[in-house]
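Residue numbering begins at 1 within each chain, and the chains themselves are lettered A, B, C and D in the order written.
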Amino acid sequence: MAVRVQEQDFDLAAEITGFGAGAGAVVTFTGIVRNNASGNLCEMVIEHYPAMTKTALEGIEAEARTRWALSDCLIVHRYGRLKPDQQIMMVATASAHRRDAFEAAEFLMDYLKSRAPFWKKEITAQGDSWVDSKTADEDALKRWQ
Amino acid sequence: MAVRVQEQDFDLAAEITGFGAGAGAVVTFTGIVRNNASGNLCEMVIEHYPAMTKTALEGIEAEARTRWALSDCLIVHRYGRLKPDQQIMMVATASAHRRDAFEAAEFLMDYLKSRAPFWKKEITAQGDSWVDSKTADEDALKRWQ
Amino acid sequence: MIDVLYFAWVRERIGLPREQIETKAATVADLISELSGREDRYALAFSDLKAICVAVDQTLVSLDAPIGNAREVAFFPPMTGG
Amino acid sequence: MIDVLYFAWVRERIGLPREQIETKAATVADLISELSGREDRYALAFSDLKAICVAVDQTLVSLDAPIGNAREVAFFPPMTGG
């Protein structure tokens, strides 16, 4: 079980080597910087609230562990300046059963999207803009309530 | 897009290097041989129907691609003799949106479990037994119908 | 002549992985009846039809499916992949 | 004295990431009113309260939450992690 917030990149393969030993099912999710609709994204800047971030992620992870039988769980989230196609974050879940591993990973992602103190800003040659939160992301949380 | 059926092991990291370039969301599922309830599993033998397997997997993958907007999709399934903690199979999905990637991966797994021609046999010092299909696995398909 | 294939415990009960059969069976169910009438090992393998799946020319079908000009019929228990 | 922190466009509109404030505000909403009365940049940052989230001592709370003996109040737009 681990939560990490870091500026540097991560290696999915290294992260899940030995992950969830003895589990039958391992699910991973990797979030990657996509270009914007105009295709002119130079950078994505991710700001966070250092004093709160790790605690918030640990709280989300702890909640997932009370809901599903997980033999392992990992959240890694980056901050700082990222280019298109670079990795932003990952979660991994391990369980005896595939449904638990899938649901827990989706739960973690849904909460990370709108309950962990990160903010994304898109930098383009035409200017900067903060990424708006999506109604769909807020709606996604209702599934777990 | 690819489907592979093979006896040798696979390397998740290598499989998803460059996978779904340009996508925002990548989900992977890895199935691993678990020990049985008695803890005496020596080997898991996976039999398959070579003339049908690849076609069946390609059909399941094609169906997933009609239902979700996937920029990439991969299924790797092993056959032969496996030890506890060895990898059995994996799927990976890439999409612009996390929900599509998650749902498609769950769909692939649900269909692989009971519509792809693989059969598992547990070998123990006390004897061999074919793994029974689970009602829960058949029920899981109803979600997609 | 069609190829008839058996997998997993169906193969073990019948005692062979495949055989060529000369049959006039119109449907899969007819073919099962014909095989079951041959020898006990077939009757045993097909004793619980709820536990039998079938593919005609590598496509899953129901037990009442026609065989037509199929070249290959395969019998096996419910699949347990993944 | 409490530390007041601002993030993302709230930080940009107010023009600083954090400051120390002497306040008698009982609730977060009181603190927002007090800040908004100071200068236009605060009033602008807090002009749409539906777009403002708040954490008191690193815990998300609603705008009517009491401040009590909190040491840190943070204002920011809806989060966009993941």
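Convention: a residue touches a chain if its C-beta (ideal position, glycine included) is under 8 Å from a C-beta of that chain, and two chains touch if they have at least 3 such contacts.
Since the structure is predicted, the reported quantities are computational estimates derived from the model, not experimental observations.
Give the chains in contact with both chain A and chain D, ordered by label.
Intersection of chain A and chain D contact lists gives nothing.
Which whole number of Å gives the spacing of the CA centres of chain A and chain B?
24
Counting in whole Å, what is the centre-to-centre distance of chain C and chain D, each centre being its mean C-alpha position?
About 71 Å, centre to centre.
Provide the C-alpha centroid distance between chain A and chain C, rounded to the nearest whole angstrom.
Chain A and chain C have C-alpha centres separated by 48 Å.
Which residues does chain A have that touch at least 2 chains other than itself?
31, 98, 109
Pull out every residue in chain C that's touching 2 or more other chains.
82 - these are the residues of chain C that touch more than one other chain.
Could you list each pair of chains that touch one another?
Touching chain pairs, listed by label, are A-B, A-D, B-C.
Which bits of chain A are touching chain D when the two form their complex?
Spelled out, the residues of chain A in touch with chain D are 31, 47-49, 51-52, 55-56, 77, 88-89, 109, 112-121, 130-133, 138.
Quick check: in the complex, which residue numbers of chain A touch chain B?
That would be residues 11-14, 16, 20-35, 85, 96, 98-99, 101-102, 105-106, 109, 140 of chain A.
For a test of understanding, state which residues of chain D touch chain A in their complex under the given definition.
5, 7-9, 55, 58, 60, 72, 74, 76-82
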